[in-house]
Amino acid sequence: MKKLINNPKDIVNELIDGYAAAHSDIVKRVEGYTITARKDIPVKDRVAIVTGGGSGHEPLFEEYVGKGMADAAAHGQIFASPSSAIILEAIKAVDGGKGVLLVYCNYAGDVLNFDMAQEMAIDEGHRVDQVRINDDVSSGPKDRREGRRGTTAAPIILKIAGAAAEAGLDFDSLKKIIQKAVDNSRSLGVSLSACTLPETGLATFSLEDGKMEFGMGLHGEAGIKKVDLLSADDTTITILDLIIQDLPFNSGDEVVALINSYGSTTKMEMYLIAGKLHSYLRGKQIKILSTEIGEFCTSQEMAGISITLFKLDAELKKYYEMPCFAPGFRK
Amino acid sequence: MKGNLDIKDFKRIMQSINNTIQDNRIVLCQLDSIIGDGDHGVTMAKGLEAAVEKLEIDNPASISGLLKTAGNAITMTIGGVSGPIFGTFFSEMGKAIDASKESVDLKDLAAMFRVSLEKIMRLGGAKPGDKTMVDALEPAVKDIEISSTSTVDIKTAMESMAKAAKKGAESTKDMISLKGKSSYSGERSLGYEDAGANTVYFILSAFYEAV
Amino acid sequence: MKKLINNPKDIVNELIDGYAAAHSDIVKRVEGYTITARKDIPVKDRVAIVTGGGSGHEPLFEEYVGKGMADAAAHGQIFASPSSAIILEAIKAVDGGKGVLLVYCNYAGDVLNFDMAQEMAIDEGHRVDQVRINDDVSSGPKDRREGRRGTTAAPIILKIAGAAAEAGLDFDSLKKIIQKAVDNSRSLGVSLSACTLPETGLATFSLEDGKMEFGMGLHGEAGIKKVDLLSADDTTITILDLIIQDLPFNSGDEVVALINSYGSTTKMEMYLIAGKLHSYLRGKQIKILSTEIGEFCTSQEMAGISITLFKLDAELKKYYEMPCFAPGFRK
Amino acid sequence: MKGNLDIKDFKRIMQSINNTIQDNRIVLCQLDSIIGDGDHGVTMAKGLEAAVEKLEIDNPASISGLLKTAGNAITMTIGGVSGPIFGTFFSEMGKAIDASKESVDLKDLAAMFRVSLEKIMRLGGAKPGDKTMVDALEPAVKDIEISSTSTVDIKTAMESMAKAAKKGAESTKDMISLKGKSSYSGERSLGYEDAGANTVYFILSAFYEAV
């Protein structure tokens, strides 16, 4: 895969500068760190939200920083969580006195570093707690959900977190509703082709002609099953069945449906999937409040898609429908 | 060949480790690709580069300070699992000895590695058999502990320790990963060596070469 | 390239159904035709905007249908303009009595079919005229601009057209401002890898390892020069120099800058380009009002990017900043 | 072998043309890929499929009606350059004769093709040498006009006409494209045949086979 880059070692740094330049009406870089933040930090009179994780999944996480979403995101190198030092700096930058909630995807590296940062920040007198996103049903059995990976539910969770924070919820209530949002999210993806690491140009896996893999991770970690390439319709049904039974989603439920491209899968394909998703959920009497379609969480130029269903209740719906204004998510 | 290692030796050792990791960047990425996410080599390379640079700038006066500085630089710079784990590897060795200690002998060294191993196991929760760097480090530490009760010199002990790490790394081939990104591969991780376990071997063999 | 599709012959049809289902709050399908339209057509008391073109470039054109943008889009099959019959139907569906302006990209097939449709609609008593988008500097010399292709300026032109129509401009004034928007737009792209036609699975061209091609068309038509792969920075400068000298853009100008991915080029890469674009234009004292970054006009999964600069004056700026609400463009 | 063609013959001819275009879908796409955008084969295949389907449904009573129906179906269905151009090809042949005409002879046929060619050239603005379907159609029409002044039968004349189209299509290899998507390739279009010119050959050879 050919890529348009400059110095391979400097990618994340340049990426953040370019991002801050392009969206200078909304965000800025916290100088000297791979941190993106709302322009108006530190936030006064409300709890702040810090997210973050490894790079290489753009627009995750930087584009979910903005009004009604995260206050800051701490960025690691490609496919590596940010260090505790960077996360600590993000916490310090946003805390306006009401504390900081860390909302991030559940990977061993992220857990280690966010935990360390939380401990250090508490030592320095900040109030800090965390919620881990673990929506990926393919990465562990239901009775061990705490081991599952966080994937494409991230923008939805951050939407809820940001709206509830903006609404002025206190620290404990905010943590509770973010946790509820996580508990109500399920995702599953399918990959059709490999992604390459920009620094080395190496593919992180290979997938033979005519094959696809369900449940492959955002970094090309092996999935749950490799099968012959299915049609768009059958792919959609396979994913939905696994998601629906897991929560479970029931007749009468109202959901947000998010269809994510991992990179090189086209909008054309995604709309075929959207069509099937709508008719299939209609058949199950599951109502769709909103369909979000696009690249929300990528694995470089990997081909494939993931679907996230997010079950609403009155409270979550209220926060989902509140306005937000981040480069990658607007309501 | 020396009986004791002083701060100059440790500076050389850190440089040697850095060189070896830079040289094996791609190899380590390839190992991490197969069952993990493929970044381990570039991540470690960034960490050790940062460690060596930080040592240049800070120029710590003690062995303890040097190891802590190097370890912290890694932890602060690279994130991922490797950042805290391999950062801890160096910084805990530094914490295990007194700042006033001007040289370390084989017994000190064995004790330092032991402290490091145990902290890593506490921090990451990995046990031997989980297919992580612990599977290289744990037999290696046991090996140097045995050496330290004999009369061999540090160089010989380190050579043996590196070999034990190599064997440990190879043994991960027959393990199912239970930790880190490769754990999602489950049984499919069988048949491939763990990347971080190989990093332990590269670190220890670079250590041996620089002694 | 593996794709998630169903019946290859039915792609465009299914794509439009899926699109209408996903964005049923904003758009609908004109039943029986490959036409997407605002839900509230026919429009009363203002001139309507119809756009359209071949499929395979999603989100172009369907995602630029919505409040403050186009009223309808007529869609052809993959890489083939819509037939005159479809365009005629779109004109009839939107015309609320004040006439219809056709705004589309300048390709021989589109010109033939839009011209025929216009003639037929006029015969049926509609007031219809047209403006052709021809922003691509690589597809013809400056003194024969009328032969140039329309590319990634399309969302910007449709933004201006929709805002000015919404503002109630009369037919002639509206045509004039849309033409001014076209005259103030310049684009150029670079391709790094091929695109494949979903129906046949055939690549429409090939590009050797380590090569890139400037000015390649949206369908893989040959470009102006094939060179060794450049860095993100050098790519940006090469494109900008060609665009800037063409209009020309001058010190003191204010512009909108749009950075488009043709398909599999990542946001990561695009932000590197955004960074360089900002510093380079700053050096030339060209002010950027807004930077739009994303997939606006794709060629299936082709790797590559294009840059569009759009020169503002007070009038264009006013219309650019007015709110719009289409699935693919929001202000 | 017949002296005149009636409506049944034209039905068979349209089916034959459809079959030939379906069979050569990929070949035509490949030709269009090299210097154009690669869709020509699937686009034409859709158009002729629609034409034949429409003929089934409408079952026009005259040759004129049949050709107009087929042409309009193509123009209405496929868009692109091919839609209007090849739609016109058929519909203008239909317009060239009276609805009451129950059969056409070779002279009629030659005149019908001529009308078609001229309308296409007016519509698309392409002249011979621009590297389009005109470069196959124009020599083919000249060829059938010559045949029509001789005593050969329609089958022989069509065979010769198809051969002239083939030669015309081959001659596009040495032309620089001045029309359509391939025109952006400029000099790089040299050395490759035009897709639409080959479609003309396929249409005329299928016509010949069905006579």
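Think of it as A, B, C and D in the order they're written, each chain with its own count starting at 1.
Please note the rule applied: contacts are C-beta pairs under 8 Å (C-beta built on N, C-alpha and C of every residue); 3 or more make two chains touch, one makes a residue touch a chain.
Nothing here was measured: the structure is a model prediction, and the numbers come from that model.
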Neighbouring chains common to chain A and chain C, by label: none
Distance from the mean Cα position of chain D to that of chain B, given in whole angstrom: 74
Between chain A and chain D, centroid-to-centroid distance (C-alpha), Å: 54
Rounded Å distance between chain C and chain D, as computed from the means of their C-alpha atoms: 32
Set of chain D residues in contact with two or more other chains: none
Where chain A touches two or more other chains at once, by residue number: none
Contact graph of the chains (line, ring, star, complete, other): line
Pairs of chains found to touch, sorted by chain label: A-B, A-C, C-D
Interfacial residue positions of chain C with respect to chain A in the complex: 1-6, 11, 14-19, 21-23, 25, 55-56, 58-59, 63, 192-193, 198, 209-210, 212, 229-233, 235, 259, 263-276, 278-279, 290-291, 293, 295, 298, 300-301, 303, 305, 330
Chain B to chain A touching residues, read off their complex: 25-26, 29-30, 33-39, 41-43, 46, 75-85, 123-124, 179-182, 184-186, 188-189
Complex contacts: residues of chain C adjacent to chain D: 9, 54, 76-86, 107-109, 112-113, 116, 139, 149, 197, 199-200, 202-205, 217, 219-223
